[in-house]
Every structure is written in C-alpha cells, then in structure tokens.
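Please read the structure below before turning to the comments.
As written, the chain order gives the labels A, B, C and D, with residue 1 at the start of each chain.
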Amino acid sequence: MNLHEYQAKKLLADYGVPIPKGKVTSSPEEAEIIKKEISGKAIIKAQIHSGGRGKSGGVKLISSSEDAYDSAKTILGSNLITYQTGPKGLPVNNVLVEEATNIDKEIYLSVFIDNDLGVPIVITSTQGGVEIEEIAKNSPEKIFKTICSPLVGLSPYKLRDISMSLSIPPSEISHMEKIMGSIYKLFIEKDCTLIEINPLVITSDNKIVAVDAKINIDDDALFRHPDLQELNDPTQQEVLEKRASDFDLSYVKLEGGKIGCMVNGAGLAMATMDITKWAGENPANFLDIGGSASEKKIKEAFKIIDDDPDVEIILVNLFAGIARADVVANGIVKAGKETQSTTPIVVTMRGTNSEQGLSILKNSELDITSVEDLASAAKILKNKLSNTE
Amino acid sequence: MNLHEYQAKKLLADYGVPIPKGKVTSSPEEAEIIKKEISGKAIIKAQIHSGGRGKSGGVKLISSSEDAYDSAKTILGSNLITYQTGPKGLPVNNVLVEEATNIDKEIYLSVFIDNDLGVPIVITSTQGGVEIEEIAKNSPEKIFKTICSPLVGLSPYKLRDISMSLSIPPSEISHMEKIMGSIYKLFIEKDCTLIEINPLVITSDNKIVAVDAKINIDDDALFRHPDLQELNDPTQQEVLEKRASDFDLSYVKLEGGKIGCMVNGAGLAMATMDITKWAGENPANFLDIGGSASEKKIKEAFKIIDDDPDVEIILVNLFAGIARADVVANGIVKAGKETQSTTPIVVTMRGTNSEQGLSILKNSELDITSVEDLASAAKILKNKLSNTE
Amino acid sequence: MSILVGNDTKLLVQGLGRDGSFQTSRMLDYGTNIVAAVHPRRQGLYFEEKVPYFSSVTEAVDRTGANTGIIFVPAPFAMDAIIEQIDAGIDLIICITEGIPIHDMIKVKAYLKGTDSKLIGPNCPGIITPKSRTKIGIIPGNIVRPGNIGVVSRSGTLTYEAIAQLVKNGYGQSTCIGIGGDPIHGISFTDTLKLFEQDEETKAIVLIGEIGGSKEQEAAAFIKSNVSKPVVAAIAGQTAPPGKRMGHAGAIVTGKLGLASEKNKALENAGAHLVESPAYIGEKIKQILS
Amino acid sequence: MSILVGNDTKLLVQGLGRDGSFQTSRMLDYGTNIVAAVHPRRQGLYFEEKVPYFSSVTEAVDRTGANTGIIFVPAPFAMDAIIEQIDAGIDLIICITEGIPIHDMIKVKAYLKGTDSKLIGPNCPGIITPKSRTKIGIIPGNIVRPGNIGVVSRSGTLTYEAIAQLVKNGYGQSTCIGIGGDPIHGISFTDTLKLFEQDEETKAIVLIGEIGGSKEQEAAAFIKSNVSKPVVAAIAGQTAPPGKRMGHAGAIVTGKLGLASEKNKALENAGAHLVESPAYIGEKIKQILS
C-alpha cells in the first residue's frame, strides 16, 4: 500500500523525525488559511500516489495566501499526469501546504528490503533532491549502501559510517543519527517495504527536515496495523484495478495491449501474457484468479477484462489444481450472458474437471475457441490476429 | 538492582499485567485510608528486598481499617528478619496494602537468563505459591522450561505450549498468553535479569492477577534506564556494602568470618578468601578494589574492612597489573593513620611498583607482615591464628 | 533417486483448515507417507482415521520421527509455524502459505541460519517425486510421471504447464520443486541445481524463472561453473512493465537485473538452453535429449 | 606454536581512551604486532607515531589485513564494537571491557553464530603467548615466560598468580588465556582445552575456574573423553555463600551446579589434578611433570 506524502510525514513525525510546518487540505479556502499561519514562502504540493509531481505542475512555490488559494483551486480536482501515472493521470483530492525550507544540504535516504540478502538496506547519498535512478546512473560512487541486521538492526557504528559518508557537520551528527535510527525503527515497526526521504535537508540554520517522503507498507502485513489500513486511498487506483482489488483479484492493467488475459497462477499468467507477444500482440492486463476462486469472483474477473475498452480478444488459461475448471467456466458463461459479451475467447483448460468446464463453455452463446495447450493457444492467437488485420 | 514488590507491580501494570488493587505507604494512617477504599479483606505486606516475608510476620491478612492501622504500625519501622536477610534483617520503610485475591489456581512463572545457553528462559509450574527450589526438589516434573530466542522472542507456539502445560481454562488462554507475552517484553525492554511472579493467580471469577512479584534489573544496564535508577533503595543494603557501593567498590559482607580481605581482581579475591579457610578461619568479606583504584578509594576500602567489628586480621593481596602497588600502599597507610588502626595486616604485593608499595607499608605505623605469595600468606595466617587462640 | 524427498520421507502436516485438509487428502491419495498431523485441540484424534493428531510439532516429532513438515497455516501465523518446525528439528520444511509479511520472512531467513533445517517456499506448490510417490504440496499428482527430468520453478501453475509439456513429449520427472514466488524464500535455484547435478536419476533440468530479483543470474553463474547436465530455462514476464507487481510478491522489476531480458542473457551466457516462450519447454527438452 | 594468536597475528585496537591507550603502549612494548587503531575522529594520525588510525574497523581491515581485534571500548558501546569487528570479518576478537549489559551479550552471542569470528571475553585479561611475544590484553608481560604450560582461567589477577607460581617452579607458558568473568562469554573452557590438546607445544594445562554456572562441568566432561594431556584444576570461591555475587557477574551460586565443591568433584572424576587451594597450582604442576 502506498501512502500519500502527508500521511508519510505524519508517521515520520510520530517517530520524532522533523518535518516542515504545514497542513493538508481539500479546499482552496483552507489552503489560504494555512498559508496565513506560515510566515515567509510556502510550498503547495498535490497529494497523489506518484513521483515526478514537480515537473508536472503538482508542486508550486507560493508567497501569499492569495497565491495559496489560486494554486489550490487549480490543482485540486485536476488529474495530474506524471511520467509514472500513465496517460490518464491521478486525481488530486488533497494538497499539502507547507513552509518552504531553507536548504543548505540535501541528502537522499531510503530504506527498503534487499530480497537476495533477505535484510533491510539503507541507501544514502549526498546527491539529495535527485532521483535515485539518476544518481545510480550518473554518479554511482555517491551511493552509500548499508546492510542492516534482523537481530541488531541498524547498528550505531553503521550510523556513524553513514554520517561520515554524508559529511554531516559535527554539531548535527548525533541528531542525524537519532533521526536515521527513528526512520529505521518506523520501517521495522510498521512493516514498511519502502521509506524514501528525498531530500532530507540540513537547513541553513543547521536543522534537519524531511522535505519529501514516500512510504510503502507491506499489504500482507496490514492485518496487524489497523491504523494504517485507514490510510488507504482507493481514488488513486486505476478504475479496473480498484474493482479487482474489491474482489481480492490480483489484476494489473497494462497499457498498449489488446489481449485480455485470465489465468490461474501468477507465473502461468505471465507466461500467458508472454505468448501474446510471440503472437504479435501485447497483453492488456495481468490477472491471476488465484487458487480457489468462487463463481462470483470469476464473473467479476471476466467482466473486468471485458469492460476494458482495449481488449479485443480474451485468452483464458486454466491449469486447475486447487481451482475447479467447471466453476471457472460457469463464472465466465454467466458473466458473458449478463453483459452480452461478443469478445472472442481462446481457451485452454486443463486439470481438475476440465472436460466439464470446456463443455460448459462450448455449449454457451460465447465465441469460444478451445485449444489443447499454451503452444496451441499462441498459434490460434496469431491466426486470429492476422485475420482481424 | 532489586526492586520492591510494589515497584515491580507498578512496572508490570505499565505493561498491561493485572495486579491487585492497592497502594504503598509509609504511614499507618494512610494504610487505614487505603484499606477503606478496598471492599472485603486486604493484605498488608512489608516492602523489603527479601523473600520469605510471609513466614517472618511481614505479610498479614486484615479485615478492617483498624487492622490496617495496627498492622502497619507494627510492621513499619521494624527490621524484618527472614531466612534470606541475615541476622540483622532489613528495615521496613513501606508497606503495600492490597485487596485480597480469591484464588482458584496458582501458577509459578519466572523469566531469567540461562548463562550457558545465553538466552532468556521462562519457567512455569502449576505449583504456584511454592518456592521454585522446593518445586525443583519435590516435584521437578511439574517444572516447565521454555527456551526463548534473541531473534524472535517468546514465540506464539511456545506460549501455546506453556498454556497447555498449565491447563489454563480455554476461556482464559488468549488472555494468559497476552500477559505472558507482556511479561517477556518487560523482561527484554527493561534489561531485567529476573522476573518472578509467584503466584500468578487465576481467581475464582476467572481473572488473572499477579499476586506477588519480584524483579531484578541488570546493574550494568541501568545507564539506559534513568527511570529505573530512581527505584534504587539504599536502605535495603548492608551498611558496609552501602558505603562500598558509594565508592564503586565491589564488596560483599560475609557472615561468620574474621579475616578481612582486600584484593585486586574478583578471582584472586575469591582465591584469597579460600586460603583463609585452608588456614582454619573464614573470610569476613569479599572485596575487589578493581583495576585502577585511586588512593581515595583505597582509603575507603581499608576503612570499610577495618570498621567491620568481625575483622581480626586483614589480608591484602595485590597483583598489580593495571593497579599500582604504591598507590594502594599509600591509601592503606593514610587510612590506618586516620583511624589509628591496630589490626594486624598480612600483605602480599606483586607487580607494578610493588617494591615501593611494600616499603611504604613497612615504614608506616601499621602492624605489617609482608609475604612473598599466596601460599606463604596462607601459612603466616595459620601461624597468626594459632597464636591468637 | 530423487532430491530432498523420497522413500525416507516421514511427513508431518501443520495447518489443517479447509484447504490444508483437502490437500492432505490428495497427498494421502497419491501415496505420501504422512505420519503426523498437528492441531492444538485435536490430540488423540486421527485425520481420515489414518494420521494421528498431536498438539505440538515437537511432540509429533518425538512420537513419530517425522523428518519433513508441510505448512498450510494462514499467513499471519505461518512464521510461527516455520519457527516451531525448525525448533523441533524438522529437516525439510515446505511452506505452501501465500501472503506472509515480508518482515516475517526476514526473521525466518535469519532464524534458519546456523540450523540444519531447509525451507521450501513459502508461497509455493511444494515438491513431488513420482517414482517414490511422494507428493508434498499441491502439484497435481495425476500430471506427473516417473522419469529423468528435474524441474525447478518460482511458479505454481506454470510448473504444471511445464510438466504437462514434458509428459506430452514423452519425458517423466525425477523431482519437481516449486521454490515459491515470494521475494524472500528458502531453498534457491542454486541449491536445487546443486542437488539435481548430484542426483543420478536426473538427466536434464528445467528451470523456470520469472521477472524480479536476481536469483536467476545467481543460478546462471552456478550453472556456468558447476552444472554439467543440460539445463532448459524459461523466464516468465517479458511483457511485464517495470514497477508493477505481477501477482507474486517477488515478480516486480525494480532494477535492471529484474528484467526478463537480463535473466535470459545471463542464462544463455551460462550455457543454458533458453526457450523463447514458456510454451516450448517440452519441445526443447526433446530436441536436446533425442 | 601457541593457540589462537602467534606470529601471524595482526592486531587492531579499538577504544583508545585513557586505559586503552595505556594498555596499547604496553602491548607495543612487549612486541605485539599492532597494525591498526580505530578512532572515528583520528583518521590519518598515528598512535605513538607507529600505528595508523582509521575511522572504521572495515577500513582498517581493508587497508592493513588485521585479523585480530582488541576492544577497550566503554561498556555501553562495547556490543556495537564487537558487532563492527564481526561484520568486518575479524577472526579473533578480544573484548577486555567489563560491565557490558547481559542483554547485549545475549545479542552478541546470537550474532556470532553462523560467522567465522571467535570472541574472547568480555571482562577478561586477554591472551598472551610469550614465545611469539604476542600480548593482547592486560596480562603483565613481565610475569610470563616461554614454555609448555597452557593456562586458561575465568579470572584476571588469579591468572597472574597462577603464572607467577608456574614461573617460580620453573615452568613457562605456551599460551595464557583469560576467558572472562561474565556469565555470557565467547570462547569457553572446552574450546580452549580442545586447542591446547592439539597444540604440540603445550605439555600440560592449568584450568582455573570459579563458582557460578556449569562451564567447569562442561570442561570436565570434555577432559574425560578428549584430553590426554595432564590438567591441573583450581576452583576459586569455595568460601563464597550462595546467592551473593563475588565481583564477576558470573561468580554467583544460584544452583547446586554453581558450587565450588560440585565443580571440584566433576573435574576430579574427569581425571584432572585438583589443587586444594589456588595457592598450590605451581607446586602441583611440578609434582606431575617432574
């Protein structure tokens, strides 16, 4: 689960990490009031689940409360398109109005999990304010990597090494180490998969402030964080992905493809996506219906794919182990009937009750082509695609 | 550092462990008031750093507020002698007045550190209310031992195993496991070396209550617990031990010996104690002056030994590595002069500056016998002892 | 012969809820030697009148000599079940459970170090050896055949696909093992390759990777210097865009190494026989071995 | 030959406060090969114009090849120093620091598992081998002599006492090692006995235990089945009452096994030569070896 910047900053502040003075709001009027409480310049920042907001007009420097009102009015309610959002962008329902920070030194800091080592990693760099991919590309020697331990955490000596690598002014070292320790603690205690503070700023009067912040939480661990569950913002999800997640379906909308995919199992789903490419097209989505989906869930899954305007052919690939092919077939048929779908469907169905499933599909009103396996599916798909061209 | 029962219970309550309703006080008048707030019977308990209070008159069942006043009046200000305190007993400055608990089931629970395994251990038994040494002797099969992990703590499955071993009523299992988890958390977070709850009671109306509690904190970890440092009660220390601890000397008063020992190093101090036995006597104390003691510290160390009325001969054994023999000798001589000590002193002095040290001692007014090594010291001691008899 | 499991396997099952019970029946049907079931409140009872229940893993191990354990316990409690099996001295632990918090797996991984236990999974279909009829997990018993191909995969159903292709082309399997789709998991590709290389019964190996992480590159390095048997490799997810998680928690491209193309390149350089699409695994094996 | 340290030792010193600096001078005086000193703010400087300072242990190891580390760091920071040395791959870590919180040592002990580092101490006098003139710690260099007796002890000054007795009776030492007075410590009696047994230069072993814990019993069991060389043993603390801590955190009798009499019995049964009092260690060695 992604958090908004203002939610991430609230969490950081709870752990004692200094953040700029400011407030979040959904109304231009309130933005004006918040600015009034801030002496000097302020920043207004669109709250969406995406990076690259600055370059897309989502972050503005404001000098007066009128500025605040005007900027908030412009940004709020708009759909902000960044290089990360896709062409539709994401709706801005809230803006964060904060005092502007006098920057003396910008630091990059992130904590995430190294899957190969199986431990948390802290990445720091003196190149704060720049995106990490860019630092990695242009000045990899400026990336300082610290491996943490599940048993003893982020050791004091490692904090010292990080401080040294960042050339922190001596007077600020102990404060900086305390802040980094707090960030690590938050990472562990709140089941984070990412905390990125970019930049972590040392101000001209030697204060340390987290000027931007990104936090992702492990969805699988939300059960033990009821407080964090409430921070979920469904408006930031793609419409079809939102529908899928309501039904607990693992679905990802992909841009630029025409083949809707419906598969059980993530690996098989990816393999199925891949054969569309072999056939000369691209997948419109990833969809794993999971192991023991109910007919109701299958119905919704089919509707989600069929409702995607990009989808021209649906490819169903089922290798039923836990899943039952007849249940899946029934779900598809019922969904097709309800929506009067005419989309051609290529099906490969194997495993538990697959013969029944296939006969259910064949006896329906749907445009079904049944094939034996993945290789045959690829060939049929290629055929169909060349026919339509 | 030992905590009083009321301090231990306060800590447990902070961690969510239920304790009986009650208050601590140092006045009989207040004891009376506290009892008034408790409906039904109450218990008044002397707060001293020792077990065995019940058998020594330190714990009384009271039914009225007058009872409370009378019992408090009797107990407060007295010196309570138990099988653990030694013949002088310990002063009772506070009493805890608590509601009496309706006991349905008494459980023994303790957490401590297994030095050989290097991990915390939880001991539980259905024989609550009985001392663990007694359970170990009479029904060792009723002791349930759980090994904990520095990485994952006291695992849920282990809590389940403990509950099963204690035959906790099903309705109370989850509550009991939560309480045990909290006790373990306290043990870790507060650097405890012992938490003993005996008994942990399940009441007749199925509530769980810690009816008695003992907590010891690692002295070496007090630096990171300023809140706990304040719980230290110096009135519970032996007078000479108190003086020693004020000077950061490692001193233990031993009952029934006549030979005062002054040594550098704990192992050598024990060995020195042991040779008094070989010589036919017993040591009056353990004293390790440590590695780099100042003259001031040595002076105090000598005075503590010489002020001990049991001491008839002083045995000084110094093997100076970090320590300097001349500093030690000067300290002894100055202390002896100030107190006009006439106690005979047997000295073995080796290592750094030992010749200077010996000459300082020999040139003083003190009754010095200098010997070459531990074996010679033993012989001289034997001689001296047979002469005095 | 087979790897990791076989005639000596004595299986203990933990987590007998709806799915766990269903799968345990299937394992019994297949012929797996299940010696114990663990459930805190069923001590003294029997699963399907055959398998005795015990209230703790340690007791089950003490009483039955179980050396292998499978876990169907729900995700919030799965870490504890793995720890319990490690503590009880189980040699091989297979965790089927999906959705275990990644911070829990960090602890499990650290806890495993310095013990003799091996972990397969989590979020995996388990392991099956057709010859000894040992099925531990959820790989359908009716799709496998005894034979000489070792199969290792991060995926579940894609493994079934590969097995079906092998059978269609006339090849049975020595052992099939799904190492799981989670980013932090137990036994790796490399561990499995090492065992297949040593296993006399295995003549060729099928390795099915996917996007995310760099375990396929690690496997490639190992193949290059340590594997003499032919390896057919397939990587799923070449059409997956970066930054999007494809179902499996581990299947997300976060850096260059996570790309299917990079993994393909590494495996090809290591001398593995790469298939263009996972649809042609069976044909590739046939092409190589005949 | 000697055990654990010798001609190959390249020592790194961490914690150069007043006492640490003093002891480091003594080690240099004795002839110890000190290659690096670690201090966060002295990079580029030299200790006594001889030993280069580095700001971290890892850097010191990278630059000097240090394989042994000694720690004089104050107790609140000592755990971190040990972890830093383990992480830097130091083979043998000697921690002199006294008063480390026991919960810190629980973590250190767990952290050591699965690494190749060995720890001596904490709260110990260190180790010395007279022949190679390698003194790591605070055992006075002027009291030891090269020879064939291995000395291992939980105590500091009592070790010096034993050494002095050996020298007085004409016996030098192969290696003297203090394993420390804390209840949770690194290298044990048993580890040391194993090394002395294998060491050709060591002809006899002096073991000095004390009350508390059961490590002497563990040593006795090891002696019984694995040590062929004569062992002279002494236990300090026979006059200590139960429940009272005698200076060392570990020197407290909390159970029957912690009693001096129990330890004596175990060692005697194992065939060790027990001395009635620690005053007669030298004489006992002479009696056995001549």
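Quick notes
By our rule, a residue touches a chain if its C-beta (ideal position, glycine included) is under 8 Å from a C-beta of that chain, and two chains touch if they have at least 3 such contacts.
Since this is a predicted model, take the numbers as computed values, not measurements.
Chain centres computed from CA atoms place B at the largest separation from chain C.
Chain A and chain B have centres, each the mean of its CA atoms, that are 57 Å apart.
One inter-chain figure worth recording: chain A and chain C are separated by 28 Å, centre to centre, where each centre is the mean of the chain's CA atoms. Chain D has residues 107, 110 in contact with two or more other chains. For chain B, the set of residues touching two or more other chains reads 149-151. The touch graph of these protein chains is complete, with an edge between every pair of chains.
Interface residues of chain A, counted against chain C in their complex, comprise 84, 113, 115-116, 118-120, 149-151, 188, 191, 193, 218, 220-221, 223-224, 250, 252, 254-255, 257, 263-271, 273-278, 282-283, 286, 288, 291-292, 319, 321-322, 350-352, 373-375, 377-378. On chain D, the positions that touch chain A within their shared complex are 40, 55-58, 77, 79-81, 83-84, 87, 107, 110-111.
Here chain A touches chain D in the complex through residues 149, 151-152, 155-157, 160-161, 164, going by the rule given at the top. Considering their complex, residues 113-114 of chain D touch chain C. Those residues of chain B that touch chain A in the complex are listed here as 150-151.
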